[in-house]
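Read from first to last, the chains carry the letters A, B, C and D; within each, the first residue is number 1.
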C-alpha cells in the first residue's frame, strides 16, 4: 500500500516528464546540491526580478524518481511567486515531510496543493526524505538563505 | 552445505520485514552475525570483562589471554608467519589509513607515485589523497576495462622507479572482479615495491593466505566476516612493522615516556594505542571458528553457485543492465534498470523484504568512469540461497509494475 | 541509593574470584557493564543490525535511526549545543589524536607551544609529542604541586602569545585531582586559545555540561562510563568542526570524490570514516540511560562517600603512603606500601578477590616527578560500597603477612 | 596456597636482600630492560673473561619482589659459569616458567636447583611471568644473543 502512496501517478508523471528542465533564461541566481550517499544531483536556476518575484525557475539534475519529481513540482509551484511567499511554501513543504504537518497556505490552487501533497507519501520512508527535500533546500541556498548541511545525515 | 541450518544460526532471519521473510543481499555492506558471535560478546562482558594488558588481577589476566588468543586465531587463519604481524584496528578503513600515514610519513616524498586502480573503494583512495596533499606525491590509476577488471598489463605499464607502493583491492565491491594479487606481488617484488591489499571484500569470500599471497599489507573488516562491527585487522609483514613509526599515540603503545622524548613499544603493541575493543576481538575468534567449521572453500563454492544463478537470471531480464563481466569474480552483482533509478529499486525491493544497496558504493571514481551516478547491488553471504535470488527477481519485476513500464 | 540493587544489575558480580566475591576497584581502568547495556548490544545485532547511513532498506533505516538517536542522547547528556558537535571515535585516545592531528596540521607551526600538565595520561601527551616531532612545536608542562594538583597560577604563568592550545585532564587518573576547567577556559578565552579537556576520568563521575564548561574539545571513553569498549566521543565546538581538516579518509565522510580532488562532508560525518561501531553506539544510549536513572549527582555523592571512607581508613594504616592529597578530588586512591611493591600488592589482593591496578597508570611523567616507578590504585565505580573498602583494607593487611613484615 | 608458592621464603629473602646489587668491577658487557606496564627496570652488568667465563655478574634495578628476587637469584646462579652453560641454564629457566618444565641441568648444586625452583610458582601467575624472566632475557641481551621483544605482551 505504502509503495503506492510513494509512487503516485503525479509523481511518476513528473519523474518521467520533468517540467522546467534546463537552464532558464536570464537566471541571476543558482545553486547546486548533491547527495553523496546515492549520487542524486540537482542544480537550480532562478531569475528573481526587481520586485523580488521569481520570474523564471528551472533545474538540471539526475536522480531517483522522488528527487526528479520533487524538483519538477517545485519549479511548477514556485514560478511567479514572490520571495516571502516562496519561503513560506518551502518551509511548509519541509515541515510536511519532517513533521508530517499539512500544507496550510491557502493562496495555492487546489491543483497545486494536490500536486505538492503527492509527495507526502515520502514521510513514511525516512531514508528518502532527503531525495524529496534536496531541491527545495537548494532554492533557499540559491536565494542565499541558511540551509542545512547537505551530504549529512538528514536531521 | 545445509543453508537452512546455517541461516537458522543467524537470529536476524527470525523477523519479518514488511510482513515478508528477510532476504538479505547486502552482505558486501555488512554481514549479519551468527548467534555464537553475539553470545560470545555478551558472555565475555558478563563473566570475563576487564581491561586488557594493564592490570594483574584475575579478570585482567583472563581478558588479556582471551584477547591474545584471538590474535593467534587470526594469525593462523590468514597464515601469517608471526603473531606480531596482526594488528587490531577499527576497520579496514583504519588499517589502510594507518599504513598510508605511517608508511607515507617515512617512505613517500614529493613526486613519488602511489599506484592504485579505478576500482578502489574510497577507503583505499582518500588516505592516499591525504598523502598527495601533504607530501606532494602522485596517485596513478590503473584503468578498469569494459569487463570491470584491471588488467595486469596496465599495472605493469604504470610501475616505474618512482612507484613507492601499490594499493589495490582484492575483490571489487562493485564489479566483483577478483584481482590477481599474487601476480601483482611478483611484479612489485622485482622492483622492491610493497603491495597493500584492501582485503575487505576478499577476506569474507576467499581463502586468504599471507604466506602464499606474499603481500606486504592486508586490510580486513571483521564486520563483513560475520564478526563484530568496529573491528578490523591490519596484517603487515614484520619487516615493516619493525621500522614504521607509530600511528596514534596513547596508553599501551609506549616503552618509555619522558618529558622530552618518547620511546615506543614494538609491534603489534606500538600500533594499538588506547583501550581496545576487547569484547569484539574476543568474539571474532568465534567468527573465524564459524567460517572454519563450514570451510571457506565450501562457502566459496556455495556463494559462487548462487552468484552464477543470479547473474544468469538477471541476464535474461531485458530491463536489467549488468555492471561488469569479469572473468574471475565473486560475491556481488551490480545492475541498473531501464526507467527505474537504483534508489527507487532499493525502496521497492524493500517492500518485498529484499535488502540490497543502491548508490555508488563508495566507488565514485569507478561510477564516473562508467558514466552512471548510481547502481543497485545485490551481494551474497553464506546464508543466501537460490530462493533469495528468485525472490529478488520477482521483486525486480514489481519495479516495472510500480513504475508502470 | 540502593547499591546492592545497582550491583545486581552488573552480571560480572555473579561470579567468584579465587572463591571470593569480586571486589572491583579498577573502574578507572575500565568500568563493568550493566546487563541492559550488554543486552542492548546483543539485541541490536539479533534484530536490527545493518550498516548505517548507506542503504535504504528497512534494517538500514532502523539502524541509522538508532545510531543517530544515540548521537542525540549524547548531545543532550553533555549539553552540547548542536548534534553535529558529537563525533563518535574509538576511544578518548582517538579523540585526542584526532584533534592533535587535525588542529595541529592547520594551526600549529614551528615554535608554537602546546600547554599541558605533568598530570596527563600518555593519551594526552603522545599525540602532542607527534606534533612536536612533525612540526617543531614545543610542549610546556604546568607542574604538579605536592598535593598532586596543578595550580591555576602555574597555567596562567605559562600562557603566552605562542600558546596555541591547552590540553588538560578533567580528573587525574593518579591523584584524583579535579582540575578547575572553567577557570582555565576563562583564562584561555582572554587570549583566544582553545582548550582540549581529556574527560576520560571526568565524564564517568561528574556532571559534564559543555555549555557551562565552555571548552572547545572534550574527549570521552565510553567504556569507563558503563558503556561498550571500543567507543569514544569527541565533543568539538561547531566553529572548529567546520574548519578542521578530516582525520581518517574512507567511506561516508566525503561529499564528492574525483581523481584529482576530494571534497569532504561536513561534521560530524567528516570525522567518521568507514563503518562505525554501530552496536556499541546504539548500546551506549543505555549506558547514559543507566546513569540518568540513578542521577549523576547521586552517583557522585555516593562515590565521594566511598572515596572519603577509603582515604580515611588507608590514612590510618602506617604502612600505607597515600599519593596526592588534592583539595578537590574524585574516584581514585593511589598508594604505595612500605616493603611491598605495588605489583606484589595487586597479586596478593587478587587472592582475596580484590581487583586493583598497579603500575604507572600511563602517567610516567607524573611518576618520574614523584620519584616512584609504580603505585597501587583503587578506583571507585557506582557499584562499590564501604564493604569493598573494608575488604580492600583487610587484603592490604594480608600483604604484610605474606611478606612477613 | 598459591600465594605461598609464589612468595616463598627464598624469594622474600632475595627480594629483601638482593645479592650482587650495583655495578660489578670491570664489567665489559651490560644491558638494560624495562617493563612499561609496571615500571620494573633492570640493568645487568657482566664481566666476561677471555675464556668466556662470567667472572662477575651484578644488577641494578627496581621492581616487585619477583623481579628483584629473580635478578638476585640469577646473578648468584650464573656467576663463574661459562658461556654455553649460561645459555643452557637461561633457556631451561625460561622454559620452566613458560612451559612448566623442570630444570634438568645436573651440574648445579642441589641448593642452586632449590633456589631456582623457588621461582616456579610464578607459572600460575601469567601476568607475573615477565617479572621473573626479564633479568634472564637481559643477560642474553648483554651477551648479544637474540631476545624476545621487551615491552610486549608476553608471548
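Note that contacts are C-beta pairs under 8 Å (C-beta built on N, C-alpha and C of every residue); 3 or more make two chains touch, one makes a residue touch a chain.
Computed from a predicted model, the values in this text were never measured in an experiment.
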Partner chains that chain A and chain D have in common: B, C
Centroid comparison with chain C (C-alpha atoms), farthest chain: A
Cα-centroid distance, chain C relative to chain D, in whole angstrom: 38
Between chain C and chain B, distance of the C-alpha-averaged centres to the nearest whole Å: 31
Between chain C and chain A, distance of the C-alpha-averaged centres to the nearest whole Å: 45
Multi-chain contact sites of chain C, meaning residues that touch two or more partners: 54-56, 60, 254, 256, 343, 347, 358-359, 364
Set of chain A residues in contact with two or more other chains: 37-38, 125, 127-128
Sites on chain A touched by chain C in the complex: 34, 36-38, 125-128, 149-153, 155
Residue ranges of chain B touching chain C (in the complex, touch as defined): 11-12, 14-15, 17-18, 22, 24, 26, 29-30, 32-33, 35, 37-39, 41-42, 45-47, 49-51, 54-60, 90-94, 96-97, 100, 121-123, 125-127, 129-130, 139, 141, 221, 223, 228-231, 248-254, 256-259, 261-262, 273-280, 343, 346-347, 349-350, 354-359, 362, 364-365, 368
Complex contacts: residues of chain C adjacent to chain A: 53-56, 60-61, 64-65, 68, 83-84, 254-256, 265-266, 269
Chain A to chain B touching residues, read off their complex: 2-4, 6-7, 12, 16, 37-41, 62-66, 125, 127-128, 131
Parts of chain B lying in touch with chain A, wherever the complex brings them together: 339-344, 347-348, 351, 358-360, 364, 367, 373-374, 402-404
